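A, B, C and D are the chain letters, set down in written order, and residue numbers restart from 1 in every chain.
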Amino acid sequence: MSEALGLYNYWIVIFLMMTGLYLVISTGNLVRKVVGLNIFQASVLLLYVTMGRVDGATAPIFVEGRETYTDPLPSVLMLTAIVVGVATTAVALALTVRINEAYGTIEEDEINEQEHAQELAG
Amino acid sequence: MSEHLAVLPVLLPLLAAPICFLLRNRIAAMGTAIAVCWVTFVAGVVLLRTVVTTGAPAIYELGGWSADVGIVYHVDTLAAFVVVLVSSLGAVVLTFAPQSIAKEIPKEKHHFFAALYLLSMAGLLGIAVTGDLFNVFVFLEISSLSTYALISLGQDRRALTATFRYLILGTVGATFILIGTGLMYQMTGTLNMAEMAAHIRETEGVRTVLVAIAFLTAGIGLKMALFPLHAWLPNAYCYAPSSVTAFVAATSTKVSVYVLIRWIYTIFGTQGPGSMSGVVVDLVLPAMAISGMFIASTVAIFQTNVKRLLAFSSVAQIGYMALGVSLVSESGLTAGIAHLFNHALTKGGLFLAMGCIAYRIGSVQLADMRGLGRRMPVTMFLWVLGGLGLIGVPCTAGFVSKWYLVRAALEQDALYLAVIILLSSLLAVIYVWRVIETAYFQEPPEGKDEVTEAPLSLLIPTAVLIGASIYFGLFTEWSADVAGLAARELLGVVR
Amino acid sequence: MILTGVMAAILVTMALALVRATLGPTLFDRILALNMFGTKTVLLIAVVCFTIDRTDFLDLALAYALMNFIGVVAVLRLFLHKGFGEPEPDEEGASS
Amino acid sequence: MFQQTVDILVLGLLAATALAVVRMRTLIGAAMLMGIYSFLSASWMLILDAPDVAFTEAAVGAGVSTIFVLATLSITTIRAKRQTKFQFAPLAVVVLTGAVLIYGTLDMPHFGDPEAPVHRVGNRYIKRVPEEFKIPNAVTAVLGSYRGFDTFGETTVVLTAGLGVLCLLRKRREDEPKVVTE
């Protein structure tokens, strides 16, 4: 029982990560792919933050009268990872805009069709 | 000055990138970028000399914080070798670039090209020198994001979709690396690779660490286009601007191979108690490598676009490197590291030659290259020399590393591996011959404009890379010896 | 104890807002659901601050409220001309 | 007990949101649910005593990312094609990856364990920050000084992305993206 409770958080976080990954690889719509990627990355943040947690501790901002603090390092790493994630999202969305200009669609199968036609023509 | 040497190759291009962008003038931006690249190259060579002569890795504590709390740069022979590899190829390819991109990229984007190119190079160099696992992720993202933008500069609209696919797979790979890093961090409580290695020996057989290794390997496998994970590579190489293809093909995947070597040998360990990379090295890596060597080479034979042919050949050649790494012996590792360098020169040179061809005939289709041997004799001659290097003909650099690889296989009494290496080289003969046959023994297409030799500013960088690949095939002291030294260091055989 | 009750109530409201955001059917429903979800987050943070006894984090709730406000304004600006009343097209060929 | 109840409830809500994003057919709906997901995960981070990440996630994840996605939708299209057939391969990949990860959790130190090895370096910071810096926030100290180079790298990532986006979206003077026939 304690095993299940102690690891419950990790399992849910894994479920969240895999949901994001599933959306990335299963959908053919470019915007939904980016949304999935976002969910995937946001869930990895939760994995790290979950690790840093210490029972009975408080946030690592020092105050009078508190002795134990949670681990500051996972927070630091994830602050970097959030920014990296949003940077990737921005580039991916800019690409989506350009693809929509060039192909008139953001559906993968329609793009593939057009590319195939182009390949045959060329 | 000398105490800051370790950080210099990373900081120079990193700080020059925004300057190039702000200059806006395309000539000034490209000029600055080229100058910075060559200075970086010189710094890299000095760094390698220092590391080799002092016999100890150069340690640089960023911000003055020691390894237990801060980030340190840890430059051993292998890292310095990769720095020289990336900066030299970066410099040569960028020297090639101005004339080439003048035809392929709109003029108002040239300063973007210069800035992104420098950022990509800085990211790759940062991965090479850092001793901190999370820092690898950050610099990997710098180099990846700039590479995406560079590839999307291609003329064809398919460059956009190729980039998008690369971005999705690359980000999934990077996130896998982030998960693996997190699990390693969770079990060891540190991000410094040396400290991590020390703690990992205490936690023998912990399942979390095994999973971390699996995720790190899968993530970096995506980044280095190890065989079944290579889906992004052919189109990305095919539709990127010529100079971008040459740079990415020569450096990006090679640095990923370096990261894999670093993780397997420095962190996970390969022998002794507590070594954790058994399954990866014994089973996964060789299987992927060998299937890649055969399947990708076979696919390459049937390509009608020469750039894509070379891209599939790259996937196959990554297999040779991975195989060398997986042998866990001095000559195997030497072969892997030497092939890293030799293949970077050869493939860089070949893609530059493709750039020359694209510059003159505006196409990289095999059908349009008919009779090119007579119309662009120098370029095609260089192409043939590079092609021989891909096959591994004696006197080329490709031969040296394959020779080491066969020797490593025989040392382990794995005769079948030696046969496999030779057989897959035969496949390379076929696809290289297809191009040679088309260029030399077929009549040029009717009704096309007369084509002349590529301008010298394109030919000289191409000749430098191809020439270097021949030079290092004839005189192996430098490349193979440094590779051997790096291999001994990684295996813990102290000089 | 009373804080636990408040927390539970807020979480239930959040779940209801989530249902509305999922079902739609119009863009306006979704925007309202997003806005409501943001408001509930602000309340949740306030309650959490009191339960973990770090009232200095109440500032965070302010920042969330601000983000929520800006977010909703931005969404409304972006889709000013898209028409909020009709259900959104979700299929190729549906009227937009 | 309170902590556990809240954990289970908030995590359940997170899981429901993630599933809703996958099931969501309309693009605007997916974007909004993504915002909700970020808000919720930010709240959970606060419950886990990581207010700095919670703050950044709310501003950057829930705010900026969502607005980026919605802006993209407003200039491209809000139509999404209905997925016709269910594919088995992605689900298999995801289930396999998830199973590997769950296998990995079996040896993990339990949630909130103060003795977990993960706190090795963190404890050094907790000890050293009050001595070496005059600021109360340990996260800021680590971010700005001990691991300042990562932060520098992060800034460079933003620069790179900015350059990339500008380069992609800048209109070509001569022509629109053209179809090159080979």
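Here is the rule we use: a residue touches a chain if its C-beta (ideal position, glycine included) is under 8 Å from a C-beta of that chain, and two chains touch if they have at least 3 such contacts.
Just so it is clear, the structure is predicted and the values come from calculations on it, not from any experiment.
Q: Which of the two pairs, C-D or A-B, is linked by more C-beta contacts?
A: It is C-D, judged by the count of C-beta pairs in contact.
Q: Express in whole angstrom the distance between the two chain centres, defined as the mean CA positions of chain B and chain C.
A: The mean C-alpha positions of chain B and chain C differ by 47 Å.
Q: Between chain A and chain C, what is the gap in Å from one C-alpha centre to the other?
A: Here chain A and chain C have centroids separated by 20 Å.
Q: State, to the nearest whole Å, the distance from the C-alpha centre of chain A to the C-alpha centre of chain B.
A: Comparing mean C-alpha positions, chain B is 27 Å from chain A.
Q: What are the residue numbers in chain C that touch two or more other chains?
A: As it turns out, chain C has residues touching two or more other chains at 52, 57.
Q: Which chain B residues reach two or more other chains?
A: 134, 138, 141, 145, 148-149, 152, 157, 160, 179, 185-186, 191
Q: In chain A, which residues are in touch with two or more of the other chains?
A: 17, 21, 51, 58-59, 61, 63, 73, 77, 80, 84, 87-88, 91, 95-96, 98, 102, 118 - these are the residues of chain A that touch more than one other chain.
Q: Which two-chain combinations qualify as touching?
A: Between chains, contact exists in these pairs: A-B, A-C, A-D, B-D, C-D.
Q: Report the residues of chain D in contact with chain A in the complex, numbered from low to high.
A: Answer in residue numbers: 4, 7-8, 11-12, 14-15, 18-19, 21-22, 27, 30-31, 34, 37-38, 41, 44-45, 48-53, 56-57, 60-61, 64-65, 68-69, 71-73, 75-77, 80-81, 83, 87, 90-91, 93-95, 97-98, 101-102, 105-106, 108, 110-114, 116, 118-119, 121-123, 125-126, 129-130, 136-139, 141-143, 147, 150-151, 153-154, 157-158, 160-162, 164-165, 168-169, 176-177, 179-182.
Q: List the residues on chain D that touch chain B in their complex, please.
A: Residues 100-101, 103-109, 116-122, 124-125, 128, 145-150, 153-154, 156-157, 159-161, 163-164, 166-168, 170, 172-174, 177-180, 182 of chain D touch chain B in their complex.
Q: Under the touch definition given earlier, write down the residues of chain C that touch chain D in their complex.
A: 4, 7-8, 11, 14-15, 17-18, 21-22, 24, 27, 30-31, 33-34, 37-38, 41, 44-45, 48, 51-52, 57, 60, 63-64, 67, 70-71, 74-75, 78-79, 82, 88-92, 94, 96
Q: Which residues of chain A touch chain C in their complex?
A: Against chain C, chain A makes touches at 58-59, 61, 63.
Q: Could you pull out which chain A residues touch chain B in their complex?
A: 17, 21, 24, 30, 33, 37, 40-41, 44, 47-48, 51, 73, 77, 80-81, 84, 87-88, 91-92, 95-96, 98-99, 102-103, 111, 115, 118
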